[in-house]
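So that you can tell them apart, the chains are marked A, B, C and D in the order they are listed, and the count of residues begins at 1 in each.
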C-alpha cells in the first residue's frame, strides 16, 4: 500500500523483546473476580464449574501455541510457561502477553454456557496478565512452587472461612477475625503466629485439596494437553515428565 | 497470608512503566482475521455487522475506563487513546495493554449473537495489542491521521478488488494483479505508480467511505461515548471537540 | 572478518533506544566527591578551581557533540541537554550516556593540572551518569529550574554552614544542628519550618551566588560554547536565547 | 533540603534494572581509536605500552568493585564480568555502565604518563560501553570465547597487514587488498574463502599471540587481581579457576 506522510509515527511504538534463553511465564489473573463470582453465584469456597471453565480456557491457549510446555492454574489465575528457546513473535512481550490473554478471555466467554448452562454471563469478564523471565530451571520451578504454595494457603484459608460461615453461622467479618489466630502450616510454610488453635478446623478443611489446582502439560507429540491435579513442588513430578523442561528447537 | 521461601521469584517480573506526560495509544488488531471473516461468512468488502460489533466491543472498553478520551476503529482494528496525564495502574504497560485487549475480546465474544444472530461463533476470536507513546499533540494527531489514511487506502483497494471479483467475474488473483497498476490518490496520499487507469473504477468505489470507520469520544461528563463517522485528519473535528485533548486531572 | 560460532551471544546485548521527540538529559554526578574534595584540599564552601575544571570538562563534551544545545552545572554535577530531534547513535541510551561520562571523566583528569597546578590528582575521579526524557519544553525547563533551585539551596546551606564553622568556631556537628532551625527562602522556595531566625546569616551568605553555577550554550553557529552565570528559571534567559529550544534538524 | 515545585521532573528519569540471576557483562570500547593510535604514534600492529595501559585501567576498575569476577581485554576493548548474584546499585544498568566507563577513562588518562613517558596525551580519550545479560554459564563462556576468537582473527589480520606494509613495502590499500584472498583458519574458525595462499605469511604472523590479550581474575580473597595471558576458550582455564563462576553472596 502507498505510504503516507504520517507513517513516521510507527517509531513511537514500544519495542519490548524478552531476553533470550530464559523461561517466559505469562500469568493471567481475573480482574475484580470477587465481585464476578458473587454476581454469578459461584459456590464457595470452590466452584467446580468455574475451575473447569478456567482449565478449558487454558487448554484453548495451550493448543494454540506449541511453545507453551506447561500451564498451572488455581482459583482465578493461570500461568503459562513458554520454553526458554521459544522464538514466538520474536519474543516481543506485548504480542505474547496480549494473544494469550485475548484467547483466554474469549474462550472463557465462549465456553461459559457449557459449564454454567442456563445461568447467563451478566457482563464480559476481564483478565489481566503480566510476564516474567526466569533465567534458570530452578527459578522456574520455584515460581511454580510459589503458586502451588499460594494455592494451598488460600484454599485452606477459604475452606476454614466458609466452614465457619456455613457450619458455625459466623458472619464473614467474625469468621475472618477468628482465622487471624489460626496457624497455617502447609508444605513447610509457617505463618508468624505462634499459637496453635482450631487444629481440627484446619485438619478437616484440607480434604481433597488437589482438585483445586490443575497442571496442563503435553504428551511428547505436542498440542493435545493432559490435565493433572498433582503436586508440582516435589521432584517426582519433574522426574516423571522429563521432556517438559527438556531441550527443544523452535522456529 | 504467610510468605513462602519461593516468593523471591517475584523479582523476575518485568516492570514496564510508560513515560509520563505522553499520550498512550493501545491498538487492538484481529489476529488471522482474513480466515476468521471467511469462516464466518463476512460480507465483502465490508460487513456492517462485523464493524458494528467491533464498535460495541470498543464502547465496552471505553465505558470501563475514564482515562480513555478517544477511540478510532476501522476494519479489524481499534485504537484507544489514554490521556497523557493518565495514572491508570501506575502507567504499567502490561496492565493497561492486557485489560484493554481482554475486555475487548470477551465483549466481542459475548455480544456476537446480538449482531450475527443464529450464525454461531465457530471458535474464540483472538486480538493482539501493542502500545505506543506520543510525546506531543501533533504526534498523536498524526497517528490518528495515519490510521484514517490507511483506512481509506484499504477501503478503496478492497472495494475495487471485490467489484472486479463480484461484478467483472475476475478471480481474486486476477483482480489483485489488475489493481497493481491502479493509482490510488486519496486524501493527498499518492502511490509511486505514475500511470492513471481505471479512474471510474476508483471513483465509483469511494462512495460512502465514512461508514467504514468510527470514532468514539465522550461528552464532557464522561463515560457515555458518542459514535461519529467523521474525518479526523482535518482541523474541524479537533476544533469541534476541544475537550478531547484538553487538560485533565486523573487520580 | 570471519564469523565464529560464538557470535550468537550478540543477542544478549541490551538494546535501549530512547523515545523520539523528547528532550534527552544526561546528568553527570561526582561519585564520593565529599571524600574527593577533602583529599584534594578543596576550599569550602566553594572551590573556584574545582568549579572551573568541571566547566572545562563540560565544554569538552559540548564541543564534541553538536546535538547538545545546553549544559548546566553546579557543585559536582553537570546536566547536558540533547535536542529532542537528535538522532545521535540511534538515540541508544547506553551509547549516549557512556560517551558523555567517559569524555567528561578523561577531560577532568587531563585538565586537572591546568587548574590545580602542582597539587597532584591522588586517584582517578569517578562520575556516574543517568538519563532522563522530557516530553515537553515545560518539563525540560522545570528540570533545569529544579537543578538551579537545588544549587541555590545547597549553596545557601553550605555558605551558612562554613560561616558558622570558620567565623563562629562551631564544630561541623554544631553548625549542622544550628541550621536545622534556619528558614531558607530563596527563589520562591520555602522550607516547612515556620520561624525565621538568623536573617543576617542567611542574608550575608547569599552574596554572589551566581558564580556557583554555570550554563553553557552555543552561538547559532554551533560548536563554540559560551559560559554564562545567569538565572535560567526566569523567562528572560529563554527569551534572550530563543534558538536553544528552537527546531533543528540532525542527521 | 526543602523540596521545590520542580521536583516532579524526577519521574522522567529512566529506570533500568537488569534481570536477576544473569551474568552482567560490561564491554568498554575505544571510540575512534584508529585515529587516537595514529596521533599518538602507537607501534603497529600491537603497541605493548598501549595494551599495558588498558590493563592498568582495567585493574583500577576491578579493584574498585568486588562484584567483578573476571575481566578480559584485547586491542582497545575490555569486558568486565559481574557475578550473576551481584546486587550493585540495585543492578541499575546506567549506574553500573557509567561508573565502570568513567573510572576506566580517568584511569587511562591519569596513568598515561607511566606508560608513554614524555609523549603527551594530545586530547582526552573516549570509551563507550554497553551492557549484556547472559542467563547461563555457557552463554557467558561463549561470550568470552567470542571475544578471544575475535582477538586472534584481528591479530592475525593486523600482523599480516603490517608485515606486508613494513617488510614487503606494500601500501596499506595494496596490503588490505592482498589479504582479501588469504584464508584465515585459527581456533576452528574458517573464513568463507576457499583458496589457501600465503601460508607462510599467516604462519609467521601467529607468533606469540598470547601477549595480545589479557585476562584479569582475583585470588579467592578478592580485590587484588592477577593478569593472565591464557586461552579461555578451552576447559582447562575454567577447571583451574573454579571459583570464578562459583556461587557467591553479595550485599
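Note that a contact is a pair of C-beta atoms (placed from the backbone, for glycine too) under 8 Å apart; a residue touches a chain by one contact, two chains touch by 3 or more.
The shown structure was predicted, so the numbers you read here are calculated from the model rather than taken from an experiment.
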Checklist outcome for this item: Equivalent interface to A-C (more than half of contact pairs same by residue no.) among B-C, B-D or C-D is B-D
Checklist entry - Same or different: at the subunit B/subunit D interface, is the fraction of residue numbers used by both copies above or below half? => result same
Item to check | For subunit A paired with subunit B, centre-to-centre distance based on mean C-alpha positions, whole Å | outcome: 30
Checklist entry - In angstrom, rounded to a whole number, how far apart do the mean CA points of subunit B and subunit D lie? => result 49
Checklist entry - Just curious, how far off is subunit D from subunit A if you go by their C-alpha centres, in Å? => result 45
Checklist entry - Going by the touch rule set out above, which residues of subunit D reach two or more other chains? => result 12, 19-21, 133, 135, 139
Checklist entry - Think of each chain as a node with edges to the chains it touches; is that a line, ring, star, complete or other? => result complete
Checklist entry - subunit A touches which residues of subunit B in the complex? => result 1-9, 12-14, 16, 18, 31, 60, 64, 93-95, 97-99, 101-110, 121, 123-135, 139, 142-143, 145-146, 149-150, 153-154, 157, 184, 188-192
Checklist entry - Which part of subunit B faces subunit C closely enough to touch in the complex? => result 19-22, 84, 133, 135-136, 139
Item to check | Residues of subunit A defined as touching subunit C within the complex | outcome: 11-12, 15, 17, 19-21
